[in-house]
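Going by the order they are written in, the chains are A, B, C, D and E; count residues from 1 in each one.
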């Protein structure tokens, strides 16, 4: 479904992302782990078009999308969340999600219709909010949310766009322990049988192990391994470079 | 708590933009070891730390009393507090994106003390290697290292650390935990942390916040041992800790 | 009072477009009609002979007062249009005066030099100004932030230089170009018809307010609000930021051009200082004075600014000022001194602009209101 | 009430309303100040201290336009709306040009003030002027070169209408007399004049005519002096208000000035009367304009009462003794024919004196007759 | 040949003037993140204070040491006013960019009007040493000494600013403070002092530009600062916000361009070219000549 072919991003001489070949099958859940600074977020930026690769290609459903700007890729069904929450701070939580729904459904270039009148958008937005459990915060300004709540809103924004390929950048970071299971189940439900694929960066190994079909390990920008969880966890290099001795 | 507390918070109330976020929070921080501040997202942990260092936002106000020794903290400007030995590592790392790593560290030097670069670089060799890189282009984990490293350059009487392991690789989490453990041998730490494994390893005392009030204070081990208590306060069984 | 903080937080007006947040239930029935009431009141104002000494030179329906009000209304509309860019989309343009000037000079030149009838001149000008905005916007929007502000400023500066150069005697250079009224409808000419100009200005203001409010309450408006917060995010949601910004820029440019058409009729000529960057800066000041992104703030800001700008000259030469000791009367007789001081004071006394007054007064009103 | 109310003129003994719209603040405030001082002195002079024409008091209302035509238009409409039949003032050309049509549309008398633009002359039949126009400056400049035939003249002027008008006038007046005229133009915002000075020098003119107004004049003169332009040719320019004299610095004594007016240029009855009334006892560039405006107002009221058409008739062709001497309102286009002066500046530091070299009579400096436009 | 030399040197003189105005602006704009529309006022204060001192201050005059004293007084006055402005007006408004615009615009209007109310709108002759009115022959070109004085002053100011930013800790504090004031305080630094200092320096640079501009123009008038300001803004932006070196390059580019185009082209073309340069630079390199690439 999504594939990268020798994706490389250099700044000067340094390869931040180094010749990465990835293949994501429909319905697959691919976890990405790797030490801090391995280039995971950078890889996401290349895939979603926020950065242009110096070499290599990004393919979606076999078509080359390397030259497309971010919004074109999003329209093709590529959605993502950000590591540092990036929500529309001066809009309410509900408006945030409605905007995302509307962006997905089209009809954003309607200058003379009342936005609030679109019941379908409102309903879809509320559904997304419900799914991440933010319904009660609907009228709060997104900028004033606590950190964990912003993470949930990020996911709601992603859900609203109903993407076929989802890139999650550390969705669990900063989420309180209690809410982890709930979010895990939300993320789990993202793939299901709908044929959607997920690429998720996460440092919480238990979450990765629970969700991922395969795990890709990045190190110094390169793909160290990409295999089933068991194989990856048994890999000595991974143990040494990433996991260390568990607490 | 037998020994005199290093920091005591009494009836701390914070209002921001008309919202009553902290509603009479009182607790004490022991003069040694790690006191951990727990609670779900949005209960006001970060707000508490920020109120202590005097960083309540402009549209808010903090009332009550915060004392370090005989000194009252609330009315004093932040930079004075910090110079007086109160180290603060904020939640969002807040490294200066436009400055290089070295410049970030140099900025943290305090006048009249010798900065302990050896100590910091020994803990985070990455910072030494990336000295000339702009902090904004560091990865999330590297930024966290920088944020902690910045504070450790100086001698502190008390450290306030807000979710230091957020977004860190398991290996680094372990490292950070070790660092904090070692730091805590000489300086008391007030720590906000979601990772219960880290909490278990470090914490001696615990304060649990719930909806802007203190729900529980006491021995951290006791809290984590009693499944029922953990469940009711933190919403997780102590077994379901991710590591 | 120790109730647990509620999750339902009334949003501060300065940051959320009203259209997007639910208002108080009690107002819901009435609020939609308030603008209409205001419009009707403004429309019948010229029938009033009310005399407000000190506020206006003559009674409300005297030509001088109506002329002043007409100018104020046009600027209320201009400021509201500029707010579509600045307050609602977060684009800081320093070249908005260019499109206003295009309206003024375009109409003036087409009528005076080319001898076109008013409606043709106006139509051509508005189309031309809007196209100009679309073209220049398409280039300028390749940049963001301060760079964008400066590129727009540069374009406007070119306009100013061209007007000052007076190519072919078209613009009259620094002396300006008086409007040739011989071909205009008689109803728009002469002091006795000032009231018609007033109504024209009012219609313009109403149009701008309607457009701005419809647009910002529309799906597009929602995207514009999103752009203001995080452009990158909008892109990742699948929307092209550039397109939406260009639409806002063009629309605002078109509204400003239309304002220029009305203005030239009111003033009866074009003069080069409307091309200056200072005018854009004043627009910015008007919006900030009123409260960016709010429903009525920019309109009020524009009206108040122009009112002060015109009336302070009279204040400066009034006896009240002249009788003061020299160290007071000298500065106070400088209209710009008073205007500047008002801005500064406004920032400290009405942060968030005039529009925040209501929210700031609400607690006061609630305490004053008898409890039921 | 009605949607708009406009007061109408009063009866016979009612005071005559005169509106003065001029710059009290803004960049031209000092011109405005001279104008109003002159006007008051002139009113005093023409009404013999009574402030009345017959038994009707002249009631003067002043309004500040701050140099902004839009404000001037508002103020004018306000005054007209209140029944004022005579408007005077307009310190700047932009204001004069936009107020003139308003006067015509509403059929009130308009007497433009210091505004120098030629376009006011013949603007419409309701518009008169109480000051000189650019053309008269240029004619005066021409008097410096004697026989123009075969001479080379360069005009150095600002971009824009003021510069255009001067250039056109020089081409017509001096060029028409047989000189070849070229021009060097500079943006009004220029701060560095070396390129222009070099261009002028390279042209090697017999006469340089400079039309420059604004705060950069000091720098401009200094550069012309430093680059040797002033030493190499005859340089003519208009003499600005007294306060600007020191800004000529050393260049001042090397320039031939044409002058609209300066203290001591004339010794008429009116000048004496004006001197006595003006603060400091020193007349300046625009005192005569205000003075003449007042004289014209009094004449208009005397002969025309409340009837604007009669006022116009009374003014057209009227000859009177103003501060500068004999002035004549030309009937065809309402140009104000008046004496003009050649002057020299001497002194140093802040103390400069101007002395008249030659006086041109009103007829000698008369502009060509303009077509009356409306 | 000597025309080229003349144009180049006078162009550099003009560039030096632009740089002097722009340096303070750039500092305040780039480092303290304040779009200071009142910069022209600081300029005016410097010019008028120098003018006043030369006539009234004992020890000061229009020549020799007296002139130096007068300029020093002007610079001091500019710095002082800037500090006052920062303390009273700007300090409560950091990170509220838009309100800052309102305040600084208000200040420039009110300040210039105040100068005009006090000393009138007309230009006044500026006290200056006699040698500054003369010319020096360089390769056959008669170069005005005032222009040379400006060039020297600009080089000195450039060096001093670079030294300050590079070798003092303040440079670092200021740059960090622009990003996140709160966090700078949380490192134990009184960030407010640093920002006051930036304003003081900016004000002093502007005042120096005002005083030397007075020498250059030979006159002083209330609006003088404002007219220079637009080119100074252009210089700051072309150079890259906050980059003093960038401002220097940009000033030279703008000064020379204006001078040569005005000579070889038609009038007004120089200004158009400068504006065109601005647009082109920004479209190709939105961060300006010396600016760094913005980060996501």
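We adopt the following convention: a residue touches a chain if its C-beta (ideal position, glycine included) is under 8 Å from a C-beta of that chain, and two chains touch if they have at least 3 such contacts.
If you want to know which protein each chain is, UniProt gives these names: A, B = ABC transporter ATP-binding protein; C, E = Branched-chain amino acid ABC transporter permease.
Please read all numbers here as calculations on a predicted model, not as lab measurements.
Least step count on the touch graph, subunit C to subunit E: 1. Considering the contact criterion stated above, the chains in touch with subunit A and with subunit E alike are B, C.
Computed centre separation for the pair subunit D/subunit E is 37 angstrom, with centres defined by C-alpha atoms. Rounded to whole angstrom, the centroid-to-centroid distance between subunit B and subunit C, based on C-alpha atoms, equals 49 Å. If you average the CA atoms of subunit A and of subunit D, the two centres end up 74 Å from each other.
Under the contact definition stated at the top, the residues of subunit D that touch 2 or more other chains are 159, 187. The multi-chain contact residues of subunit A, meaning those touching 2 or more other chains, are 50, 144.
Multi-chain contact residues, meaning those touching two or more other chains, occur in subunit E at positions 116, 268, 271, 296.
Interface residues of subunit C facing subunit E in the complex, by the touch rule stated above, are 139, 142-147, 150-151, 153-155, 157-158, 161, 164-165, 232, 277, 281, 284-285, 288-289, 292, 330-331, 333-344, 346-348, 351. Contact residues of subunit B toward subunit A in the complex are 16-17, 39-42, 46, 91-92, 126, 137-142, 144-145, 163, 166-175, 177, 194-198, 200-201, 234-236, 240-243. Per the touch definition, subunit A reaches subunit C in the complex via residues 48-50, 69-72, 74-75, 79-80, 82, 86-92, 95, 98-100, 102-104, 107-116, 118, 136-137, 139-141, 144, 157, 161. Of all residues in subunit E, only 35, 37, 89, 92-93, 98-99, 101-103, 105-114, 116-118, 230, 233-234, 237, 241, 268, 271-272, 275-276, 278-279, 282-283, 286-288, 296 touch subunit C in the complex they form.
Those residues of subunit D whose C-beta lies close enough to touch subunit C in the complex are 1-7, 24-25, 62-66, 68-71, 73-75, 77-82, 93-94, 97-98, 100-102, 105-106, 117, 119, 159-164, 187-188, 374.
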